[in-house]
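Structure first, then comments.
Labels A, B, C and D are assigned to the chains in the order they are written; within every chain, residues are numbered from 1.
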Amino acid sequence: MPKFNFKDYEVYYEIEGEGRPILFLNGIMMSTASWNTFKNSVISSNTLVRVDFLDQGYSSRMDGITYDHNLQAELLHALIEHLELKHLTIVGVSYGGEVALRHALYYPKDVERLVLANAAAWTSNWLRDIGRAWNAVGKTLDGDAYYDLAIPVIYSSKFYQEKEEWMENRRKVLVPLFSTKAFQERMNRLVNSSESHDIRTEIHKIKHETLVISSLYDCLTPLCEQELIVKELKNAHHVILPHCGHASMYEDPLLFISLVLGFANAKDTKFVI
Amino acid sequence: MPKFNFKDYEVYYEIEGEGRPILFLNGIMMSTASWNTFKNSVISSNTLVRVDFLDQGYSSRMDGITYDHNLQAELLHALIEHLELKHLTIVGVSYGGEVALRHALYYPKDVERLVLANAAAWTSNWLRDIGRAWNAVGKTLDGDAYYDLAIPVIYSSKFYQEKEEWMENRRKVLVPLFSTKAFQERMNRLVNSSESHDIRTEIHKIKHETLVISSLYDCLTPLCEQELIVKELKNAHHVILPHCGHASMYEDPLLFISLVLGFANAKDTKFVI
Amino acid sequence: MPKFNFKDYEVYYEIEGEGRPILFLNGIMMSTASWNTFKNSVISSNTLVRVDFLDQGYSSRMDGITYDHNLQAELLHALIEHLELKHLTIVGVSYGGEVALRHALYYPKDVERLVLANAAAWTSNWLRDIGRAWNAVGKTLDGDAYYDLAIPVIYSSKFYQEKEEWMENRRKVLVPLFSTKAFQERMNRLVNSSESHDIRTEIHKIKHETLVISSLYDCLTPLCEQELIVKELKNAHHVILPHCGHASMYEDPLLFISLVLGFANAKDTKFVI
Amino acid sequence: MPKFNFKDYEVYYEIEGEGRPILFLNGIMMSTASWNTFKNSVISSNTLVRVDFLDQGYSSRMDGITYDHNLQAELLHALIEHLELKHLTIVGVSYGGEVALRHALYYPKDVERLVLANAAAWTSNWLRDIGRAWNAVGKTLDGDAYYDLAIPVIYSSKFYQEKEEWMENRRKVLVPLFSTKAFQERMNRLVNSSESHDIRTEIHKIKHETLVISSLYDCLTPLCEQELIVKELKNAHHVILPHCGHASMYEDPLLFISLVLGFANAKDTKFVI
């Protein structure tokens, strides 16, 4: 279990394969294991780096500690130095994309290219209050209620319907987890760590080549949030997945990983047309 | 308090003004009072008819009774006969639009034109499970949690943010209500009455001139649901409100009532171009 | 033939019916006759006012004269004074919408509400060069070439295909017209009068309640142009017609006239929600 | 100059680099040279194969010969056999994408994956008549008129405006070419070869993993055309470029080549999520 020390905490990471490194940053409910399905694809051409944020997976639990995205961004900086990653592409999904934006802003030399999937430059009142509902229901330890609250909204209705059997299996796996105090305490802190997120006035300083992935049916970080990012970033490239919800990486995994690897590995970034 | 008897129940309605009648059907959390702001606009040219569905507003509570949309559609038929409404336009929002579709299918002669705002032809697994989350949280009588669960998702994030003060007032009004057993029992039954809703294979039989209003940021009845309706209906006219969420009637009231009154009162429906 | 004198020119107009007046402004190839199909609908509730711009229909030909939108906007001002129109709604389609914007900017008291369908706040290089193609082909007096150049692009591909017979009739009517020097000289000047159109930096001053109608498949004034207008105008209300092209008034006439009459006649414009 | 004989004709092609082959198929006005800017990117990981269709670039002129997409698809089959290409990805832009669809339908074993950018499954009346305008103006040998007719409509208005200088250079290069009989005769035949294109009832038989690239501002093969393809194809993956027009490959070259290389080189196509 590869870990490194960051401040008083342990951070779990995985590094596999060879070639230009790609660091995958988890959404709020994800962990390093969430990327397993993409492992073969990534290591066929790149070094795959994964990390659990504080309060995720095998990284330290933050019982009794209040923190925000800044701490997670510092953690990334420390990890990148620790692993001596060069020519790095960072791929961040939702929460991970939000930390990736902040990290790129404060540590611009750490990273060469960015892929932001279903992320936002700030936590609006709207998203804040949705998060508060999650936390309130989480505290009841009613796993079924939490599932019905937090899971459908992650997917497009089309995917949720077509993958009925798969969703039912997800329910069987997730409800017991959602019913535990341990899980809910971590989720609570992770949600709280996002409340203050707002770098709208600063992101124009990010000059990295950036791929911005939106989904038409994203009900957590809706299209207007990615449009805001694209409008501010000098080197943004924007795609919309018209059939997906917030969890584009699971809803069309081939398309997701094609976008990531294509963008991370593009030899040239400027073209004479 | 005008009421009429329908089967064993009392149904509350209001009828005001003169001219071609327009019957407004409430969304699931609404009541006849929800249309007050539009009263002046409607009665300046039309007869305004409002009704509380069973388990809404001043209509009968259905304690201990299981029902579905069919009963609400029958209720509409009885109301229209009772009031002897002719050349009627029915405007249904969300739940109301879904009952309106069913009613138009089974009682086509009752109605001349339809306006469906943010409605769907069926309850997908996705929407069903969202409803189950509402019911689970409702049972806890935690009004704040219920608000954070059910209210943000009704609005576009843009509206929710820009109307911060108004939303905080909504919270003050709604949280006490959401904390009552009486409200939650009715909401629970209304949500349950929608679970079996599915008229996808039948709606092609609806031949009425129909205005279908979609919102780009509708997170309960997303755009694909209205596209499905438009594809099936012979005489559908489709508009998308690119700045709104599920509650388009509150998010852009002038646009909403313009659409309704313009469509209800259009003298011709066929044009030689 | 009602005409009035404006500077050295004659301006043809029609005024019919009673009630709050609505002035319809033609697109570049249209004339007062283009609104005939809507006459019954409009005069059932409103005073219908139509006008041919200079170089359109029965208004003066501008042989040898160079002009721009300012002159057409002055003409509107003179017409409104001449007819003593009060509480006026102006509905402008494409070219007509562009003149309507300029007129509202310079003569704000002339008008109460605006409806802009498929219009833009400026003539981009892109639209300028499309106009130049029209003029170049116009000069050849090859009516079929002009038709194939200028007509398909006005409609959505869906409408053009579904209305095959109607389009073929349009061809029979329009090709002889497009083959005349008289028509082409006027079109040439009208196109040229638009080249300098650019009020992007000023339109934020327009405070009128404004309905902005966009079409998803508008290939002359694409969606981004109406988004620009909506972003600048304080009181804009935006709808997208997802099935239409540039000629939304012909592609869905019931929807178009419902939007116009609903918005023009809405009693209230502010709502307490 | 590598050529091979196909029936009575010479076909020009280029093959460079190593690795899984990617065959790029030109849009109607393009040639093998149009892909030069992507050469470095492609050959860094793949074998780059380019080909001029009949009547394009260095391939045979078809003076006096009538043909359709079937002949171009046969040509592809012959080329693939000639070069013994295995595990092939075909990338087709517009005309090239349309031939690619037909080729995949009739020679499914030739190809493993498909990328279709801004292509359609048929030539609607609408697109047919636009093509006829091109041909009519082409015959006049007025290069400027042809440019204004055919070039703006290829790009989004945003790109056309922002790249003002680049567009003016394009004009200088293209107008002389557009003024030649040789170019116009070839374009005329290429346009005519597309008129009969319609494989809407057959494309559901295509089972290849297919990436479908749409642009929101595509005024030649609008979004609805790619939606039609996606609806029919079993293994379609759909992205929309919200800032681009028909020429997405030039408007966002980094995004275009990322999509192509990412999709062509994805190791897995099925994922256990």
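Rule of thumb we're sticking to: a residue touches a chain if its C-beta (ideal position, glycine included) is under 8 Å from a C-beta of that chain, and two chains touch if they have at least 3 such contacts.
As the structure is a computational prediction, the values presented were derived from the model and not from experiment.
J.: Enumerate, in label order, the chains that touch chain B and chain C alike.
T.: Expected: no chain.
J.: Report the chain whose mean Cα position is at the greatest distance from that of chain C.
T.: Centre of mass proxy via C-alpha means gives A as farthest from chain C.
J.: Whole-Å distance, chain A centre to chain D centre, using C-alpha means?
T.: Measuring from centre to centre gives 35 Å for this pair.
J.: In whole angstrom, what separates the CA-based centres of chain A and chain C?
T.: Whole-Å distance between the two chain centres: 47.
J.: What residues in chain D touch two or more of the other chains?
T.: Residue numbers touching two or more other chains: none in chain D.
J.: Which residues of chain D touch chain C in the complex?
T.: Listed in rising order, the residues of chain D that touch chain C are 124-127, 129-130, 132-133, 136-137, 140, 142, 144-145, 147-149, 151-153, 155-158, 160-161, 164, 167, 216-217, 219, 222-225.
J.: So in the complex, the part of chain A that touches chain D is made up of which residues?
T.: Interface residues on chain A, with respect to chain D: 37-38, 40-41, 44-45, 166, 209, 211, 230, 237-243, 250, 252-255, 257-263, 265-273.
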